[in-house]
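Two complexes, one shared chain (subunit A), two partners (subunit B, subunit C).
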Partner chain A sequence: MLPVDWCLRSRAKRIAIWMGWLALVALFVWCWQIMTETTIWAFVWDAPRQAQDVGGRMLPPEWGYLPELMQPLWDTLNIATLGTIGGVIMAVPVALLAARNTTPSATFLRPIALFIIVASRSINSLIWALLLVTIIGPGLLAGIIAIALRSIGFIGKLFYEAIEETDPKQIEAIQATGAGPAQVLTYGVVPQVMPALWGISVFRWDINIRESAILGLVGAGGIGLKLNASMAILAWDQVAVILLLILATVVVSEWVSAVIRRTII
Partner chain B sequence: MLELSSVSKTYRTGDAALSDVSLQVPKGQIVGLIGPSGAGKSTLIRCINRLVEPTAGDIVLGGKSLVSLGGRDLRRQRRRIGMIFQEYALVERLTVMENVLSGRLGYVPFWRSFLRRYEGADIQRAYQLLDRVGLLAHANKRADALSGGQRQRVGIARALAQDPDLLLVDEPTASLDPKTSRQIMRLLTEICAERNLPAIVNIHDVPLARQFMQRIVGLRAGTVVFDDAPSALTEDALTEIYGAEDWDAMRKGDDEQAEAESDALRQLAEVGA
Partner chain C sequence: MIAQYPTTWRRPHQIVPDRRLRIALQIGVLVYLVLAFSTVEVNWQRVTEGMERGQRFIMGFLQPDFTSRWRDISQGLIESLTMTLTSTVVGVLISVPIGIGAARNLVPRPVYLVCRAIVAVSRSLQEVIVAIFLVAMFGFGPFAGFLTLTFATIGFIAKLLADDIEEIDETQAEAIRATGGTWFQLLDYAIKPQIMPRLIGLSLYRLDINFRESAVIGIVGAGGIGATLNTSIDRYEYDSAGAILLIIIAIVMVAEYSSSYLRKFLQ
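Moving on, here comes the complex of A and B:
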């Protein structure tokens, strides 16, 4: 006689899972207590009124401010675009060193390349900009380099994964013709990864437009500079115009990047 | 003339894919290599152009030993050996013409290949070959826009662009329908006859091998167990090669395939391509 009852998990496992959930809830309650210990509740209860106040000062937006924003907006677009191009140029060799199937030395160069990728990714572009403004002074250049440095990790990581996913048969076939290493790379690997490189770069450009909009907060040029200035003088109607302009730019850039990626892939 | 003497290959896992294979292929002869999956057919032809590194023995092509070469010398010998693959192994995103011209990579300097500025003689030759395989009208199409039979013809043109002294052909018809398979085999044998080219053809399909090969070599578990004219391939000989029903060999075949691939990948990493 075969058994008629069957359970996915054993009794011990079920209890363990239940205890796990219980622990999670307890942790949440405990954290909530610590979190609210220093909260000044008067401010929190006040929040809707404050929001209403700021919102009221933002309306109506000061549309006359718009022409003055065109130059900083252009700067922002340039920071994003030049930064992305610089990032791609630096990321491609790093990705080639990091991909298991193209690295010249898996024991020595690959870890270095992976470290560059991690280091670049772990630092936010705002922090890069903060450092660079200190080093090379405020302005567009600091913004461009900050965006480029942050992009290396993102593009490098996605691109080296694309290189590792290439079809080894096509590469083997090129090798079998007697091609040298550089030829194997340009005929066997490059055609397979070009669509990925374009897709990744356009995606990063789209992200960089958003990131470069705030770099001005630390003095690295662009529309963030204006945002900072307007906030400092509490000109909320100007802030509203800037935020709407950034929103419009992001929407347009997202649309552009979607169109480009669709035509490539 | 190709001469293999006592070629052996043992993979890192300790599996002996080939043991003591000796074989001579004179100019113009087409040899069919048959045997169950895992018999070492794929390993054997890859040992010849060193996509797989043989562990022992010697391989001599036209008086030149291939086993101890490295770097530039190896590439110089590889360009004399055309290879045709089971799943065509064309660079899918390149045009038909670029794929055919890639057969010249062993001959041209890097900048020429990179800029696609091939010499007139190479270009004319590529057109001649495309005409020969009946694909002249498709020269500027992307390889992935072609059908299976057409892609395999591009693969043949690429191998011939190398101006080879030997053709290695790995399961040329395994991905094709029966009619196209026959067309491809006919084309291959015609081309070898035209150029007096020797060829080693791995082939699963015994009737196809009987029909098109001049000589058949049967491989079983890495050793040659049959080497004669197709007419001598009797039922008994087939049982000798394939065994009655050898399911273990099929499982071993999967292992061998995986090992050959990982071996090739490791080599790729070593040359730093």
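Moving on, here comes the complex of A and C:
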């Protein structure tokens, strides 16, 4: 006997999938209850009025504040650029140690390099900045180091994957000429991964511009400091100018990075 | 005649083959670096004073103290984890219709433009900045964090989902259309089977990202483990801060490996 209706899955499979979704819903409800235990609902229902209030204070933006923001903006760009350079310098050796085909010791050094990459990736630059500000004091240096430390993981991961994808034939050809390990690296590996490294670095620079804009919130210099100051005195019209400036910078940097990547790759 | 051939070989430059342009670029970079470094003022006295703290922090990282602040840490962790899950679920639920709306091959042009605009707004605003505003509106605590992460999830999932729908195999959609199927039947029988594995993969990936972000937005008052971390650093309790950071790294590692494993299993 043929079934009347056509179905993609068998009955047992359908029930299993249905139970899976039910479990997800139950988990969601449970998490929601735990999360909202301490929520003060009066504040939540009050939100539209608050939003209107803040929105009203942001308009019109105080454009006269713009010239004062140029120095912090320059600082922010410097944090992002110098941080990216620092990150690349530290990430390249880590990536060489982490890539399966260039690592000197797969059992000992490779796990260490992979751990450095994961640790750097899982801690956001804002947290790095928070730590560094308490250690070396507020200022640009803390921001630069925070950005550099966060960039190691990102650049390191993408770069070591690029190294692992190199064509072994070219490396073998260099080895066949009797080249030493350093020469194999410069003539066999580097030419293959150089465009990737530039692309990754520019991509990370673009992300770093976004991140460095907010590092000032924890005292690490740049335009975030001004944002923090304006918010502390509830000058929402200044906050509006700062946010628009950050948005414009992000759009421009994204465009620059897209153009550079298109010309390189 | 042989003498005319060069005896040495110089590898041509890969990125900028033109020599003059290259030199100009190098000089430009040098000038920029000098200018940039001159703006970095370093208070060396403060740095040397801070080295002692740095040492204490590294010691705290090596000998983390999980116990004395365990109540606060577990509270922050529970907030972060619940916030992560709820925001991912709600964010994915909202981003599915927006993602479908942002696919050029399924909807009329006005809907496409509106949905793409929503995606662009959500993607261009930094999580931390969104969190600042939502904390100002909804008060401190994980609820503001939940809203922030939901907002960020919408832009991420909707964009990638829309890009995937635009790249589906058109012949399958054509087949359903040829049978006289309605728009919803088209979605159900032609689009859904093609993008479902990818959507689940993206959601798992976003779950992972949301946990990382939940550790950050706590710094501006949106609850979660970030708030606990901020407090412990403010109190100079580096051993507790080290413990929190190790927990974050461990959870991120577990989440990353299990989500990549699950994604491989699903595809």
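We adopt the following convention: the second predicted complex is superposed on the first by the 251 of 265 C-alpha atoms of A that agree within 3 Å, B and C clash if a C-alpha of one lies under 4 Å from a C-alpha of the other, contacts with A are read in each partner's own complex, and residues count from 1 in each chain.
In this text, a residue touches a chain if its C-beta (ideal position, glycine included) is under 8 Å from a C-beta of that chain, and two chains touch if they have at least 3 such contacts.
Quantities reported herein were computed from a predicted structural model and do not represent experimental measurements.
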Checklist entry - Of the two partner chains, subunit B (first) and subunit C (second), which one does A:209 touch, if any: first, second, both, or neither? => result neither
Next on the checklist: Going by the contact rule set out at the top, does A:223 touch subunit B (first), subunit C (second), both, or neither?
Outcome noted: neither
Checklist entry - Is A:113 touching the first partner subunit B, the second partner subunit C, both, or neither of them? => result neither
Checklist entry - After lining up the shared chain so the two structures overlap, which partner does A:173 touch, if you call subunit B first and subunit C second: first, second, both or neither? => result first
Checklist entry - So, A:126: does it touch subunit B (first), subunit C (second), both, or neither? => result second
Next on the checklist: Taking the superposition on A as described, I'd like to know which of subunit B and subunit C A:182 touches: first, second, both or neither.
Outcome noted: first
Next on the checklist: One more residue to check, A:32. First (subunit B), second (subunit C), both or neither?
Outcome noted: second
Checklist entry - Who does A:194 touch here: subunit B (first), subunit C (second), both, or neither? => result both
Checklist entry - subunit B or subunit C: which reaches more residues on subunit A? => result C
Checklist entry - Both subunit B and subunit C touch subunit A; at which residues? => result 187, 191, 194-195
Next on the checklist: Applying the document's contact rule, which stretches of subunit C touch subunit A when the two form their complex?
Outcome noted: 11, 14-15, 32, 36-37, 39-43, 46-47, 49-51, 53-54, 57, 78-79, 81-83, 85-86, 89, 124-126, 128-129, 132-133, 136-139, 141-143, 146, 212-213, 215-216, 219-220, 226, 229-230, 233, 236, 241, 245, 248-249, 252-253, 256
Checklist entry - Tell me, which parts of subunit B touch subunit A in their complex? => result 49, 51, 72, 75-81, 83, 85, 87, 89-94, 98, 102-107, 110, 113-114, 155, 158, 162, 261, 264-265, 268-269, 271-273
Item to check | Complex contact set, residues of subunit A against subunit B | outcome: 100-106, 167-189, 191-192, 194-195
Checklist entry - Contact residues on subunit A for subunit C in the complex? => result 24, 27-28, 31-32, 34-36, 38-40, 43-44, 47, 50-51, 54, 74-75, 78, 81-82, 118-119, 121-124, 126-127, 130-131, 134-137, 139-141, 144, 187, 191, 194-195, 198, 210-211, 213-214, 217-218, 231, 243, 246-247, 250-251, 264
